[in-house]
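Every chain is named by a letter (A, B, C and D) in the order it is written, and numbering of its residues begins at 1.
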């Protein structure tokens, strides 16, 4: 029983998100039954996948107890790169996809170098690099445009019966990146490092490499998100990623990932991302003015952050409370 | 000695002005248990941290199995065959017991994935081997008690199957039965030819398990001898050195006059599991000691009085006849309490702010003239305190962090002398403090008592009680196990009360 | 004001027939270039379900535009063609707009009107909509795909006309300050291309370019900066937000010079008040009405150019009439050209200011 | 004093010069940037040009007061942009309806106080990471502004006092700069010479020690975040005065530049070290950098790269390093 409650406590974030998603989808379907068609499901999936990927990337970094404010710029950068250089031929598509993923790893590595080896506080470090990456996207592509071949676009955004390819992409990212990482030692190290950096060092964990790897994984997920956005919009836009920085944090926090590190899984952020993405759609379907969207989005965030804070208020001693001080 | 598994030569480590360890050499053979003895701050943990790769020595060398090794990180030490149980545990609350034990050495499948089942089996076997099958290998570490965690930490070190195993105060959190289990594991390892360094403040354990004893004092090795020539008296003399004589030379203050009404009354104070019904009185002019083994509730008692627990505290705290149980430090301060913490870095002072600001922080309201601080008065007060406590500093504007540990501790005391309170709570005020500074702090405590303040002193250093306290409460399991007062206050009487049920270990 | 509104209503009733009248359409929808193809007509019986997918919201122009859209579809002659009309706002988030249009496809609309968040980002979802038989009309921020009808004002021509006005007014060897819009935006590039095609024939004029971001505050700031380091400015080529440029000039007591700008109420008020030679041509928020009209016309069997421009109307200071062309009682940020007579779009002020 | 301190000139010397270096560095950076501006255009030598930059710097400098305090206590305030816009919108609108200046200024201060209190609630009471909390508040305020204004700039009627503060002149000196100077003196004085200042540094150095020393944490948090909110609100009014109207984009430039001003000004992002003196130099540096990049016609992309890289270099070299 105690074990069960423990388990439930762990999964309370994902559970709440799952309930939220189901509720929102029901409201959606009432107002617009066609959303349950193949095309509708693909629409929902496409709308959520980018944020889900960004949320996964953010989660990896959060689990080490740091944070990444450059995720949005990384997404924009890869998006602009892909839309600018992806030709029509299969070889060039493959090359650009590979190069995009490498760019994601590279910008992640830069963050990791600055934070883990340069010992600059994560907040400032990624705040600064986000400007550098945004500047590079703007220089690469001063205005939205470029092109993405239909074949690539359809590959990522189409659907096969009830199965949207975008959901497959997310599944693939989870199967090929998340699961192998978190089933391996690296994942264990990431969690351990976020849980207690001093213990991690004393346990012989290569702490700097782990910090670096976390940022590189975040960059990789951001790159996939950027590629998906390129396919979805068939173009590049230097500001397209901006919304994902804060929203990825929101999705992760909604999904029960602790900002203090050491805790989190992939289901929570994914469900959190789906909830956040669909809710805006539903708001406009239900007829709530767009002006309310920022308000509601900010409100949801404040509510979740506040609730997490209230949980902390139960801390018994002032030392644990103040010991949790901000990054 | 060709069969030395571990040989350290001339290890030295300095932290700023403090010499933690100076020119210490050590050699350890297979199948040998070496007990490391020394007072608090003698440098035992520093030595351990060097042998485990957590700290690099300023000078000196370490050889393992005959080959010189540069233990630049814990990983290198593990690879060299040295596993360590640190004084502060190196575990992860959100991982399971098995994941903790095997971190970095998990059983991997062909795809590089962790085989959790295998790990679980290995961890379970290991726990059974050290005689603690009651700890479930798949339990979350965060749900275990401190003693259980200590055992997990030991299992983790043993799982390396190390040539050298270092145990830094592994028994401080353990009860009698667990200590027995641990000691038999150590014996088993010795039988397998492992070399073991064992640190403990409990003489009985040393007598039971050690093959040889090395004694540190103030960072220096002051003695090493085989178990046969070991006696408690000799060890104590070497550990405490002349300081002890010097300290004993000062007469203890007179016991408090029992007729004055108590300034502080504590009645049945409880804090879930950590304090189990503590009651006592404190009278003006009295220095009341809180003694006992580490972690028996003495510190929690001080924290509770000073309002550091926000919730969960039950029972009464009565100050000058008024109920003043605090759930915030501000309330405690208003009720007339001052608190001098042991953890200088995290709880004591503002390391990067000037000394003057550190001292004046408690009296900001009193220094206010209109909107502004009365700078002249502040300077005068600070200067007076610096002089009174003989704080060695370049100027009152120097950052606190630039001072030596002892002087930092004096500054922390100074800020509560600036803001005169009725009751002073001293939490191990001499931890890591050199002999001279100790004297100043002792004198300060005596002066306060003479001025009619009530003082509660917690110390990990047993010798301080006889020279400072008129009465000592000995804590065990969050309760007062007994008390001694006046001339009865001695290390022996306190130890006797502390060990009442663990004293049998020696047998 | 009520009288005026009533007058407009009766007047527009008279146009009821001409909403889909080919001759009238031809006057309004001018082919963007000679080789612009005609879009095939649809023959659906009305009334039609029309959705409007707007992107950015939260500036005056967009707010007036949204009000105009709601007002226009209620005018009796238009309402006769419309079964339902719904507005969706996505913000400047391309994927949000994509998913909104996808949801419109699901809802079975006959036509979708779009002000796009990205010039290329919506192409594939629009192609999908068209494949489902939906008529898509993009305006203002138009789209790249040729499956949609694009309706706009010719930004290049606008920039050119402003420049032509200035080269007539500004003495030789002076500097012209170009307060551009948002760096990188297509509209900004088009306007400046048009202007430079004129200025290149006047090499004696020195050009200084700054970005004003199309808003008053930024215009004011960058103009103040530019005025500080350039002392022989003879004219200001401004666009949206030029009110700020004019305020900066007044603020630092720089000489008053000929200016251009879009149809901001404040700009026209200041220009007439200070008697500054100025020319305004504005991107009209009523373009949305023209786009809705294009959707109705196509659905009811008319063929329109795939890319059409609405004729421009320029106004100079001496032609500006209070309470007709500009409105001294309304805020300076009010965009004045809320009607497009060439397209038979007449919107009373009371419908736009709420 | 002399009796209390044993003279150890050998130790005092380098430390003193280190703190002078720390205080001087922002001004040195400013001097370098100004020299670059002069090289870019000799007009930067004229009082006329300097005056214009001074007005812009004053706006940044005023909000940097709140940002400096927030950073000194180890936090950050990213809710400034939409506090500015909401205040501009609300106060000018209110003034149009009730043309009394005190109504507008009262409303502005009210908004500032309210935002500050909500920030304090999240950061102090709920202990949410200030970066995320204040950004969420910023989003929320954006929503409120859009709902309230219906996304249209409502009025061009602006309180004359706001206009005067933003554009007026005292002799040859802009009123905005005078206001800035007055506020700067107050803040520097408060940080140096009042119990409040001591509490700010104590809190930023080590919150637990501050708590144990009887520093009134809630009061200090509230004062800091309310000051930040009120300064943002004030700048919202000034900006409305400057442009004779409030508009929706008016706060957009106030997310990063105040933080940059504080960081360039030498305050440690982790709190406890620094002061407002440096932020003054920082604010001018930020404005001059921008003016220079405009004069040089550097593209937006390059501008961001340069900006981020300079800030990162400063952080790496001596500002925001974590200690181990």
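Note that a contact is a pair of C-beta atoms (placed from the backbone, for glycine too) under 8 Å apart; a residue touches a chain by one contact, two chains touch by 3 or more.
Here's who's who by UniProt: A, D = ABC transporter permease; B = Sugar ABC transporter ATP-binding protein.
Just so we're clear, the structure is a prediction, and the values are computed from it rather than from any experiment.
Engineer: Return the chains shared as contacts by subunit C and subunit D (ABC transporter permease), ordered by label.
Structural biologist: Joint contacts, listed by label: A.
Engineer: Could you state the distance in Å from the CA-based centre of subunit A (ABC transporter permease) to that of subunit B?
Structural biologist: 44
Engineer: So, what's the distance in Å between the C-alpha centres of subunit C and subunit A (ABC transporter permease)?
Structural biologist: Those two chain centres are 37 Å apart.
Engineer: Compute the distance, rounded to whole Å, between the mean C-alpha positions of subunit B and subunit C.
Structural biologist: Centres of subunit B and subunit C (C-alpha means) sit 75 Å apart.
Engineer: Where the centres are mean C-alpha positions, what is the separation of subunit A (ABC transporter permease) from subunit D (ABC transporter permease), in Å?
Structural biologist: About 31 Å, centre to centre.
Engineer: Hey, what residues on subunit C touch two or more of the other chains?
Structural biologist: 57-58, 183-184
Engineer: If a residue has to touch 2 or more other chains to count, which residues of subunit D (ABC transporter permease) qualify?
Structural biologist: Counting only residues that touch two or more other chains, subunit D (ABC transporter permease) contributes 146, 150-151, 208, 211, 299-300.
Engineer: Which residue numbers or ranges of subunit B touch two or more of the other chains?
Structural biologist: Residues 329, 347 of subunit B each touch two or more of the other chains.
Engineer: Can you work out from the touch definition every pair of chains that touches here?
Structural biologist: Every pair of chains in contact is listed here: A-B, A-C, A-D, B-D, C-D.
Engineer: Which positions of subunit A (ABC transporter permease) touch subunit B when the two form their complex?
Structural biologist: Touch list, subunit A (ABC transporter permease) to subunit B: 6, 180, 183-185, 188-189, 191-192, 195-196, 198-206, 262-263, 314-319, 321.
Engineer: Given the complex with subunit A (ABC transporter permease), which residues does subunit B contribute to the contact?
Structural biologist: Of all residues in subunit B, those touching subunit A (ABC transporter permease) are 52, 54, 73-75, 77-78, 84, 86, 88-95, 99, 103-104, 106, 108, 111-114, 140, 143, 303, 307-312, 328-329, 347.
Engineer: Taking the complex as given, what residues does subunit A (ABC transporter permease) use to touch subunit D (ABC transporter permease)?
Structural biologist: Touching subunit D (ABC transporter permease): residues 114, 118-121, 123-125, 127-132, 134-140, 142, 238, 246, 249, 253, 259, 289-299, 301-302, 305-306, 308-310, 312-313, 318-319, 321-327 of subunit A (ABC transporter permease).
Engineer: Of all residues in subunit C, which touch subunit D (ABC transporter permease) in the complex?
Structural biologist: Those residues of subunit C that touch subunit D (ABC transporter permease) are 57-60, 62-64, 183-184, 209-211, 213, 215-218, 220-222, 224-225, 228-229, 244, 247, 251-252, 266, 331-333, 354.
Engineer: Spell out the residues on subunit B that touch subunit D (ABC transporter permease) in their complex, using ranges where they run on.
Structural biologist: 306, 329-330, 333, 339, 341, 346-353, 357, 360-362, 364-365, 367-368, 371-373, 375, 379, 382-384, 386-387, 392-396, 398-399, 402, 415, 419
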